[in-house]
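Naming follows writing order (A, B, C and D), and every chain is counted from residue 1.
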Amino acid sequence: MSDNLVMQLLGRRLRLALIGGGPGSFIGATHRQAARLDDRFEFVGAALSSRPDACRAAGQSLGLPADRCYPDGATLIAQEAQRPDGAEVVAIMTPNDSHYHFSMLALDHGMDVICDKPMTNTLDEALALHAKVQHSGRVFCLTHNYSGYPMVRQAKALVMAGRLGEIRLVQVEYVQGGRAKPGPVRKPWKDDPDRSGPSLVMGDIGTHAHQLLRFITGLEVAQVAAHVGTSVPERTAHDYGGALLQMTNGARGSFWVTQAAAGVENGLRVRISGSLGSLEWHQEHPQVLHFKSLDAPAQVYTPNGPGTLPLAARASRIVAGHPEGFHEAFANVYKDAADTIAAIRSATAPDPLAQYFPNATDGLQGLRFIAATLRSNANHSTWTEV
Amino acid sequence: MSDNLVMQLLGRRLRLALIGGGPGSFIGATHRQAARLDDRFEFVGAALSSRPDACRAAGQSLGLPADRCYPDGATLIAQEAQRPDGAEVVAIMTPNDSHYHFSMLALDHGMDVICDKPMTNTLDEALALHAKVQHSGRVFCLTHNYSGYPMVRQAKALVMAGRLGEIRLVQVEYVQGGRAKPGPVRKPWKDDPDRSGPSLVMGDIGTHAHQLLRFITGLEVAQVAAHVGTSVPERTAHDYGGALLQMTNGARGSFWVTQAAAGVENGLRVRISGSLGSLEWHQEHPQVLHFKSLDAPAQVYTPNGPGTLPLAARASRIVAGHPEGFHEAFANVYKDAADTIAAIRSATAPDPLAQYFPNATDGLQGLRFIAATLRSNANHSTWTEV
Amino acid sequence: MSDNLVMQLLGRRLRLALIGGGPGSFIGATHRQAARLDDRFEFVGAALSSRPDACRAAGQSLGLPADRCYPDGATLIAQEAQRPDGAEVVAIMTPNDSHYHFSMLALDHGMDVICDKPMTNTLDEALALHAKVQHSGRVFCLTHNYSGYPMVRQAKALVMAGRLGEIRLVQVEYVQGGRAKPGPVRKPWKDDPDRSGPSLVMGDIGTHAHQLLRFITGLEVAQVAAHVGTSVPERTAHDYGGALLQMTNGARGSFWVTQAAAGVENGLRVRISGSLGSLEWHQEHPQVLHFKSLDAPAQVYTPNGPGTLPLAARASRIVAGHPEGFHEAFANVYKDAADTIAAIRSATAPDPLAQYFPNATDGLQGLRFIAATLRSNANHSTWTEV
Amino acid sequence: MSDNLVMQLLGRRLRLALIGGGPGSFIGATHRQAARLDDRFEFVGAALSSRPDACRAAGQSLGLPADRCYPDGATLIAQEAQRPDGAEVVAIMTPNDSHYHFSMLALDHGMDVICDKPMTNTLDEALALHAKVQHSGRVFCLTHNYSGYPMVRQAKALVMAGRLGEIRLVQVEYVQGGRAKPGPVRKPWKDDPDRSGPSLVMGDIGTHAHQLLRFITGLEVAQVAAHVGTSVPERTAHDYGGALLQMTNGARGSFWVTQAAAGVENGLRVRISGSLGSLEWHQEHPQVLHFKSLDAPAQVYTPNGPGTLPLAARASRIVAGHPEGFHEAFANVYKDAADTIAAIRSATAPDPLAQYFPNATDGLQGLRFIAATLRSNANHSTWTEV
C-alpha cells in the first residue's frame, strides 16, 4: 500500500492529460495502461485524435467530462494550464512530426512531459528541445519502454557492478516482420518521411536498439559505418539498417534492425561481452537474462530471483516466476517518471533508483545516431562520427 | 477507446469494494492492478486488513475517503449495500477460511463477487456457496487467473475446434520452491489448516492445476489415485501431491504439484495429447503454445500471431511479439467478469466469448477434487471417485 | 591418440560379434556406430537376422568374411568360442524374448556381453541372469544408453558431491508419440507380449526412465502406486504407464511414460529436487543441465563447460559448444564397457570412472520395477513394494 | 546394412591416409571419428605429427603397421601412391599454411582429398588449388562441417523449394569465447599469421559463417563493408570481424564473428528472411530449425520429423527425437565425399543428393571473402567487391 510514492508525497495522484493515441491506436492504449497500472496518475483531460470532431467521443469513452475533451493538443495545453486543477503532466503519443511542437509548448506552460519516441524528427529539433528541457527544470520522459524491463535493469546493474569487466564487444538487433508484406500499411503516415522522419526503421526501432545498448553499457556510440535502405519492393520508407559500431571506450559492435523479416514478431535482442563474461537478453522472452562467465557455469537471472540487484528489484511488482511483460516494462518508465515528478513538485529528494527512465539526452543521442548513420550511408558506409 | 464495454453499457465504471489484500499482501496488489488495467472498475470502498486499526490508513493510501475505509468485511458489505452509490461488486482476497463467509454475505446483499481461490476450505461450504450463486442471479468469479493467459485460451479453443482429435492423455504439474527452505514462512496462517484448508498445497496450487486441466480439455476428472504429504522436515502442511487421473472420457493422466522443489519458481505446465496431436504450455514462458502434430511440423502459437482463434485474440491487448504476463492474464479474468456483470446489470446479452472466466462450478469441482485426493491418500492411494 | 585404453592394454581392439540388428533395424545400426566411434572394437562375426538365409548377405555388407556370418546366435557363440581369434565380446540386439537365452549362452562360453534392454522379459529370467553374471566374472553391460549423456553423468556427479543436499522429490517422464497412430506398426513383434514382455511401454521406455532416475539419484524405488494400460483404440500392448513413487530414502515422486502422445518425439525428462536445489534434464536438448539453487541464480551446465565434474568430462570427446548426441551417449556406454573388459582381460585395475555403465543389477531392478507396477495396477493402484 | 554405398560399389572400404591431427589435436580426433562413424573408410597410413619422431607412436596407437606410419605428409603421399594397396584418399588436418602444399601433392598423385578449412592461407593459393582440382577429376572435399547438420540441409532444401520466396535479408554470426582470456593460447601457431593466415578469426570461423550463408541461400556475397581487428589486449591476431553484406540478388545482410566473447561457447547462428518467411538455426541447438511464416503459425522442423525434405533426411541416421550432433554433421561430409569418390572410382553415376559437401569452390569463395573484408577494412570500411 505504502509503495505509491506519489500518493505519499502529494496526497493525491498526478494530473495527467493525453495528446494523441485515439481510436485504433495501439500505442495510445499502451500508454494509458502503463499510466494506470501503478496508480500514480489521474487522467484529467485529453486531445486524443487529430480529427477535432473525434476528440470528444474518444475522451468521453475514457470517462472524461466534455469540457476537458479538447479538439487539439495546443488547446489542451493552453486551457489546462489555466485551470487550478489542470494537468501538471502531459503524455504525447502523436505521430512523430508533432512531438517537438507539443513538448515545447507543454514545457513552456510549466508541464512535465512524457513523450513517445523518437523525440523529434530532426537533429535540430532535438537539440532545441534538449536545451529547453535543461533550462525548464521540468521532467521530460521519453518512452524507450524496453529499458523498463526488470532484466534489462539487471543487465545495467551487473555492468555497473563490474561483473562484466571491461566491455569489449556489443551486438544489438531489432528484427520485426510487420512491414514484410507488400501493399498498404496500417498507418499510412509512417510512409511519409515528413511525418515519420528521414528513416522510418531507424526512428521506429533503431532508436530503441540504440538506447538499449547505451542504457546497459553506459557507453556512447562514437562512430558508425552504416547502411540503411528498403528491401520490400515498391516501398520507399527504409525497412532495414545495419551498422558497424565503435563505442567510446573502444569496444566494437554490430547493429542490425529491420521491419521486413517476414514472420518475425518483435526480436529486440542485445548481447554484451566484457573481459569477464557476456550478457544476453531477448525481448520475446524478457524474464530471463543469461550471464555467461569466463570461468564459471552460465547463470540465468530472473525477475526477483536470487541475485537480483536493487535497480532490477524495483522494476518487479511480484515474486519470482510470475512473468511481467511489455505493459509492466512500459509502466516502470511511467512510474519512475511519476515518482521523480512528484519529488520535484514536492521539493523532496528524488529516489536515485528512480532516475533511470529515458530522458531528453537519450532522445538527442538517438537523433545524433540516426543522422550519423544516414551520413555514413550516403558516403559508401565509411566510418562516420556520431 | 470503444473497447471498454462497461463504459459503453453503463456510462461509468463498475463500483468495486475490496476485502483483504492489505499491507504486505502480494495478492492484494495483484488484484488491484488487474482491476485497474482495463479501466472497468472504480474502487469505492475497502476493508483491507484483518486488523481494524490498519484498515483506514491502508484504504486512504489507495485514495479512498475515510468513511469508506471499513474496519472489516462484514461492515463494508452492510454499509455499502445501503448507499445509493455503493459498491455493486466486491473483491475478496482474504485468507481462505473467510472466502465462504464474505461471499455468502455479499451475494445476500445483491453484490457480484470476485473471489480468490480456493473458493472455500470445505466441500460442504463449496456446495452451499455454489447453490447460493445459482439462485442469486449474480456473477461469481473465482480468480483462477492462469486460465486468463492468451495461450491457455488458445489451447482451449484448439481443443474445442477439434484440432487435437479425441483426448487420450493429460499431464499437468505445478512445481514451486517457495516452501523448500525449512524454518518460518512469510504467511503463518498458511500453516494452520483451520485457515488454509485441509491440504495447503492442494488448495494453493493444486486447484490451479486442476482448473487449468479442466479448462483446456473441457473434461472432468472422474477418478484419482492420489498421494499427498509433506517433504520438508518439521513442517506439517502438505507440500506435495501426486495423482494418477482418469478423465470422464476415459483419458488417463498424471498430476504433480509441490511447493518444495528448491529453486523452482512457478512451474505450472500442462500437456494434452489427443489422437491428432499434442499441446504443451508452460507458465514461465506463457507467450508460446506448442502444438505437435501427428503428421505435420510442430507449430508454435503466439498471442495475436497467425492462427490465433477468437477466444485467444480477445485475451491480448497488443500486437504479436509484445509479451503480456501474469498481470494481464489476471486482468483478463477481471475484464470478462466485468463485461458480464455490466451486461447483466444493463439487461443486455453478455458476449459469449466473455463467459470463460472461472466461476462457482470451478470452485466446487476444485473442492471435490481435493476431497477425493485426500480420501484416496487415506486409503493406500487406491482409485477413488471424485 | 593415447586415449584408447583398449589399444594400450591389449595392443589391439576387442573382438566383437553381433547378434541381431540386421536389415531394417534401427537399433542395430545404432549399436554398430556406437561400437565404432571410439575405435575399441573390431567386428569379427555376426548373426544379424533371425532369418538364416539373410544372415550371410547382411554380414558381408559389413565386410565380414563368409565363414563368420552365422545363421543364428547360438551357432555364432559356439563357433566363435572355439576359434583362437574368436569373439571375446558379444553384442545382443535381438527382440526382447531372446536376450536371456543368448546372454546366458555367451556367459557360459566365457564371453563378455553387451545387451540391449530390457535385460529379460520376466523377473525369473532376470534373477537367473543376474546370478549368472555375478558368478561368471565377466562384464555384462546393458545399453541403458541415456545414462551415457555427459549432462546425465554431470547430474549424477552433482548429486554424489552433495550439491543437491538431501533428495526429497523426483519426477521422471518418458513421452513419445511413435505408437499414437492406430493401425499396423513397424515392428509387429512388439505387439506380441510373448516376445516384447508383459508391458510393452514399461519394457521399451519405462525401464529407461527408471534406470535414469536410479542412476542420477543413487536411490532405489521402494514402493509404487501404478497404473498401466492402452490408450489407442484397437491396440492391446500397453502404451502408457503412470506411477507415484516412494524412494528408499523417503523421497516422493512421479513417473509417467507413454508412446501414444501424438507428435511428441523422444521426451525423456528428469527432475530431481533436494534440500539445496533442483536439477532438470531433457533428452531432446541433452547438452544442457539446469541447476536451480535455493539461494543463488540458476546455473546452466554444458558438456566440458565451466564446472564440469570428472565423471561428465570423461563422457565428452570435444570442447564445449560442440553438441554430442544420442550416438555419443550410446558410445560412452560401449567405451566404458570396453575399457573395463580390457582391464579385466589384461588383469589391470579398471578405471573407477569407467564403472558407471549399466549392468545386470540395473536390468534386474528394472524387471522388479515392471513387476511391481503390474501388481499395483492389478490391485486398484494401491501401494506395492518393488 | 545395404546403406553403405561404398561397400556396395567397391566391395570394400576406401583406403584413407591421414596427415596431421596427432597427439593433443582436437580436430584430428574429430576427423577420425567422422571417418569411422559410417564405415566407409579404412585407415591405411598416417603422418600424424609435424615431429617425425612422434609420428610412429601416434600411428601405431591407431593400430597402423609401422611401415605405414610416415615421418611427414610428403613421404606419405609419395610412398602410398606407389603401393598397390595404397591410400586412394588423403585427409589433411594440419595447420593452415600446409593445406595448399599437401593438397596439391595429393592431387598430383591421383588421390582424392579431404581437407580442413580454410582451404589455403592466400587467395593466390586458393585460385591455384581450385584450378588444379577442376583439372584433376578428383574429389576435393573441404570440411565446412556445419553444412552437414540435418537442419542446415533442411534449410537449404526449403530455400531451394521456394518456401522462403525471394530472399531479402540475411544475418549470420559466429560468436565464440575461446580467445577471450588474455595470456598464452593452446595452439601458438594460431597467433602466427604466417601459419594461420592474414586474419585468424576470419580463417578460423569467418569462413564457416560465410560458407553456411552461401550454402543455405545459394547466393554469393557481392560486396562487403567490413571491419576486422583485435579486442583482447596484448593480442595481435584478429579476434572479431563485422561486415555489412550485399548479396548477388540484392539481398542485404549482417555478418558478425568473434572468438573473444567471454563465456560464449560455439554460437554459430544464421537467419534468412525471404518474402514468404524467415528461417533461424543455431548450432548450439542444432536439432531445431525454426520457420516463421508470413501468414501461418511458426513451424519447428526436427531431423526426420514431419516435413523433412530428402536432402535433410539423408543426413540423419536415426528416427526423430534422437539428437545427432557435431560428430554426425562432420561425418555427413565424410560420407557424402566417400559416396562420391566411390561412384567416380567405380564409374557409376554419383547420387545427386550426395553432391552437397563443401568443395574447392567453397574454399576459393572463402578466400575471396576474407580478402575483400581486409581490403574494405583497410579502406575505412567502404563497400568493396568480393
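Note that contacts are C-beta pairs under 8 Å (C-beta built on N, C-alpha and C of every residue); 3 or more make two chains touch, one makes a residue touch a chain.
Bear in mind that the values here come from a model prediction, so they are computed numbers and not experimental data.
**Student:** When I count C-beta pairs in contact, which pair ends up with more: B-D or C-D?
**Tutor:** It is C-D, judged by the count of C-beta pairs in contact.
**Student:** Measuring between Cα centroids, which chain is at the maximum distance from chain A?
**Tutor:** Measuring from the centre of chain A, the most distant chain centre belongs to C.
**Student:** So what's the Cα centroid distance for chain C and chain D, whole Å?
**Tutor:** 34
**Student:** What whole-number Å value describes the gap between the mean CA coordinates of chain A and chain D?
**Tutor:** Result: the chain centres lie 43 Å from each other.
**Student:** Between chain B and chain D, tell me the centre distance in angstrom, where each centre is the average of that chain's C-alpha atoms.
**Tutor:** One centre to the other, that is 54 Å.
**Student:** Could you tell me which residues belong to chain C and also touch two or more other chains?
**Tutor:** 264-265, 291, 293, 298, 302, 305
**Student:** Write out the stretch or stretches of chain C touching chain A in their complex.
**Tutor:** Where chain C meets chain A, its residues are 290-291, 293, 295-302, 305-307.
**Student:** Could you list, by residue number, the parts of chain B that touch chain A in their complex?
**Tutor:** 1-2, 4, 7-8, 12-13, 22-23, 26, 29-30, 32-33, 36-39, 48, 57-58, 61-63, 176, 178, 264-267, 283-287, 302, 305, 317-328
**Student:** Write out the stretch or stretches of chain C touching chain B in their complex.
**Tutor:** Interface residues on the chain C side: 165, 168-169, 171, 173, 175, 177, 180-182, 225-227, 229, 231-232, 240, 242-244, 251-254, 256, 258, 260-265, 271, 273-278, 291-294, 298, 380-383.
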